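Heads up, there are several structures right after this.
You will see two complexes here that share subunit A, one where it goes with subunit B and one where it goes with subunit C.
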Partner chain A sequence: MLNNAFFHFLTLQLFKERSKHIGIIIISVLILFLLSSVLFISSSLRHSLNETLQVQPDFVISKVQGGENRATPLTWSNELLNIYGITHVSPRVYGRYFFKSKAKSFLIVGVDFLDEQAHKNLQKLIENIDIKTFLTQNSMLVGEGVKEYLAHNFYDKSYNFLTPKGEFKTVKIFQTLPTKTNLIGNDMMIMPMDLAREILGYGEDEVTDIGFNVPNPDEWTMINDKVSALHYDVRVVNKKEVQQSYEHLYNYKGGVFLMLFLILLSTFMLILYQRYSMVHSNERRHIGLLRALGWSIHDVLKLKLLETLSIVFISFILGVVTAYIYVFIFSAPLLKELFLGGQNLTSTIKFTPVLDFSVLSSIFFIYALPFISAVLIPVWRVAITDPKEAML
Partner chain B sequence: MNEILFSNPVIVYLLSELILFVLLLIAFIISIRVLIHWDFESFSPLQFKLEQQAYLVTTITLFVFSMKFLLLLYFAFTVDSLASLIAGAMCSAGVIDANEYGSPLLALKLLILFGLTLWIWVNFYDLRTKNYQWFKEKSWIFMVMFIFITIELLLDFTYFTHIDTHQPVSCCSALFGQLEGANPLPFGLNISTLLILFYLLFALVILTLLTHQSLLYIVANILFLYIAYFAVVYFFGTYIYELPTHKCPFCMLQKEYHYVGYLLWISLFLGSYIGINSAITALWLKEENQASIKIVMSLLSFFVLLCSTYVAVYYFKNGVLL
Partner chain C sequence: MIQIENLYKTFQHENTSTTVLNNINLHIQQGECIILKGVSGSGKTTLLSMMAGLDKPSSGKILIEGEPISKLPDLFASQLRAKKIGMIFQHFNLFDHLSVRENVMIPLIPSGLNINEINQKVTQSLNLANISHKKEALASHLSGGEKQRTAIARALVANPNIILCDEPTANLDRTNSLLFIEILKELHNLGKTIVVATHDPLFDNVSFSNTIIPMQEGTIVEGTVVNE
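And then the complex of A and B:
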């Protein structure tokens, strides 16, 4: 039965009854569009965060007091170097600097530009800058959001930081960071470490925290214990924990959306069930005719199911493609606020296109499976139409 | 609330299983009625109605089966994606072992898939006869499968709701690898005898297939399935990972190994399932199918070839074996 003539007939049938199908296709495409956009955004963000985490140090330690982070003494990094298995110890200085109105804040990151290791991670960011001229005066690299905000407030060339000691510190805006780094780099200011210390109010031998790597993953738990035993007021965080909390965050956002989506989905199923149960007398006669011509129930079922399948696939492809264009080409206006939160500096993120098996199969299962399940019984009811009855 | 239930694939997976179960429940209720009153010789309106309803049951089961097959793959993927959420887990092995429901669930899934392939086979022969000769047999298989699927659904929900994200689990090398000198292989085999047995059994499977020795074939194929599992985990797998200590049936499903695990396990299980089922129907219903023999041979040969290629490629690249 599955031959060329059959498929030809199927296509003709689809075309002839296009007014019946068009409504279903439009609703399906809308639902699929919403669903795929959310899943695309969430998977793209997760991908970018994972990539960012790859270059982060495996462990980070800091001094805590009453559960809050305090300035970490720089001497701790020397103690870390004595533990066998630890490499790449890098003290870091960073913190938030609030703009005078306190409504907006920047992330100040101090970088030791002469340190080979710190340098390597930043290689991509500072590929095009001339370090010598950068270091001769107080200057910084800023993210796009920062640049825009400062320009808006008439700080085109430089910005005057107010240090905790009450002095003004003028820092020149050297260059903007590449747009690709916007997810994390949007509100970032990168400057030499000593300058950052001064602006954030750290002492000469103090840092925010100390990162280090442990190349052998089997040693992670052991190193964790050893480092924790160095001081009583040390907090040790490893990369996997950070990754887990990110994962939880995005799972939570996507999960809440999906659960709300289930309500929509059940309504959709109900509509489909109703829609496919309503059979025109014309259509009944049509089936009756086919049966009278010698088609078995089996053949009619096959025709009807293939008809449904074609609709499912047409709307699946249309929905996913429009969502793809919306998210990855127009970077999802409106919807991205849900995921990024726009309270601070406005961000202009380009999503990295991530289209993997997992997202597509999730979309398929949450759309096509309920769709087909909802129409199976109505379709069967049409297919068993008695030829004699239908012709009356 | 359990964080696992917020994971998108888990929501999608559980929802799909639930919808399929509702469909099956409808089919089950109908097919009980059909089974009680079925009498093909009768010309009563009831019998005509039952025949029409039988179509619904068949359609639903075919649909559910195809979805179940895809869902098993999706399940493997879902479990894999949870690995990053659970302390200590590096691949599905740890997640499956996160509580006592995981391994039975996986085994049950494979069993259900086997039953459903058997159903498809009997259905295929049944539809070819004009008088629904195998209708009762088909329905009984469906009944049994329904009970299994009910258990599976319950296990699905208990499994995912009982995963504790804070309790550390073992990773695969702890589960399959270092057993402190104990031999993990069955029948006291070592690696070389395991491999000899693997290839010998493969030869036996092919021979019995060609000579239509159905009973012997079933025994040979079940043994082959069993031995092939160990051969992949303890020998071929190490070549896929290119690491002699990495012994795990799940890690190969990950992206780092180009998802080759899906290809490997699908060809092995699908080949064996089709083969065993067509042999069972040959013995039971006395129906033979030449096409299935070709499919089985190509799937199993592909599996063996794929495994061996990994070893060969490694040897050509590095000039040594692991």
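And then the complex of A and C:
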């Protein structure tokens, strides 16, 4: 019996009692907005992380002494090339450079621009880069945060690095990395490897670490063992371990927010439950009256279910859409800082829009099921009592 | 039409039981108008609620056109109530946020009729209760008399054979009470079976009432007054 008269009455109930519903919708939208924002941010970060890791080497080795990283000998590269199954061995030079006066730091990344893999990865970051011109001068590519910070300190075109030898090294700012790379590249300075060595104080035969690929996943364990056996002071880390550690971090932060959300949701549901269970509430009287006028328990439950579903859908759509705008268009101010931690440099990080169906359905069910239960259980309890008692 | 046999209603409260209805036996014919008279607490409202299936007896039975309303499953009891019984309450029991027309259509919503058919029946009912001029007014904006007429229209909209009225004039002034009695007379003339629970003396001498049944402490007092 879902004819037009029933829907007409449902619409009347929704619109004529809008002052009653609007409060519930506003609170619901706020809760859904918070939940969706957190889940959108964490799934966007996970997506960006996966994309970043895709272009990273499968394994990275470095020299460790006393639990701390030391400069890794470049000769280890040749040893790696002798192991069957290893490809694309790429020594890397990177490290933090502190801008002492303001206690800010930049991440210097040295790249071998003649290496095919490094070149490809860089092409993914910036299109149309003129490598030839870039390599003929002491130049660097900088993230937006670096560019802005240096400009603020009057370094518009170049920056003078102080090397460990106590000499100044002037490096030209060649180009800025695009905004879409801000999540990983905001505080980054990309420069030729030799230049990075000079600024960070590495010797000619030293690197920070060495990356390599193992195309056959079945060989990962065996290669890991072989490489670990090369030297007593080698640390081997694979891509999956890096991915897991990042995911744990984001899941932990997401989990904290989820806990807060669940506390908020439970409180709201309790209020809703109370509202329908209260002995002298208007809702209770209305249900009793409908029953007295010939509505069956089934009819009452159907009306309340559709009424609740309408509120849930309106709130869900409004909450999710506003969260989408907040996260992916306005880059989640406030929440971004809580999620990514204190920013070293001013950042204009843009979250990559990711609309995961499983995330959306999780949001819907985490919210809708408790909401519907909090309304329908007390409604059902009132509906099965004698109408006279409900109308008291 | 309405048959009540050995009806008892007892309330339990903290190990104390209170008998509200004590062995009620009553037989009401089609087209009769019965006045249940008695002071507050005499059990007349409880008896009326049981006739409407709004409350269940502790023992005994009530048959509405042969159907035991208190023992029927919810769906059938609701259908019986919707089709055969129109109820007018002491406090009108209108939905304040809805208009007169919307209040009147409520009993027909679960009937399966479409909105056009419902609107036709609502218009007829509003005319019969003489409240059609206020059909778009919110129930909360009506006077006591107008609310009562809206409640009458709602009770009549499904064209039931039985009209049950619980203290219908308790919240009305004398003029509106007399108007209400006139409407009841018209309904009686239409062949409706009417049961009124009241303590209002205005009902003592209504010309169309067949029977006045005095009630006291949950029983029907001997010496039923019958109007010839």
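The rule is short, and it goes like this: the second predicted complex is superposed on the first by the 359 of 392 C-alpha atoms of A that agree within 3 Å, B and C clash if a C-alpha of one lies under 4 Å from a C-alpha of the other, contacts with A are read in each partner's own complex, and residues count from 1 in each chain.
Everything below uses one rule, namely that contacts are C-beta pairs under 8 Å (C-beta built on N, C-alpha and C of every residue); 3 or more make two chains touch, one makes a residue touch a chain.
If you're wondering where the values come from, they're calculated on a predicted model, not measured in any experiment.
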Partner chain in contact with A:Ser373 - subunit B first, subunit C second, else both or neither: first
Partner chain(s) touched by A:His298 [first = subunit B, second = subunit C, both, neither]: both
First (subunit B), second (subunit C), both or neither touched by A:Leu309: neither
Which superposed partner A:Val234 touches (first subunit B, second subunit C, both, neither): neither
Which of subunit B and subunit C A:Gln243 touches, first, second, both or neither: first
Which of subunit B and subunit C A:Phe357 touches, first, second, both or neither: first
Partner chain in contact with A:Ala5 - subunit B first, subunit C second, else both or neither: second
Subunit B and subunit C footprints on subunit A, overlapping residues: 297-298, 384
Partner subunit A, residues of subunit C touching it in the complex: 49, 52, 54-56, 74-75, 78-79, 81-83, 85, 87, 93, 95, 97-98, 102, 105-110, 112-115, 118, 154, 158
Of subunit A, residues touching subunit C in the complex: 1, 3-6, 8-9, 12, 16-17, 286, 289-299, 384, 386-389, 391
Subunit A partner contacts - residues on subunit B that touch it in the complex: 3, 5-9, 11-13, 15-16, 19-20, 22-23, 26, 52, 55-56, 59-60, 63, 67, 70-71, 74, 77, 81, 84-85, 127, 259
Residues of subunit A touching subunit B in the complex: 39, 42, 240, 243-244, 247-248, 251-252, 254-256, 258-259, 262, 297-298, 301, 305, 357-358, 361-362, 365-366, 369-370, 372-373, 376-377, 380, 383-384
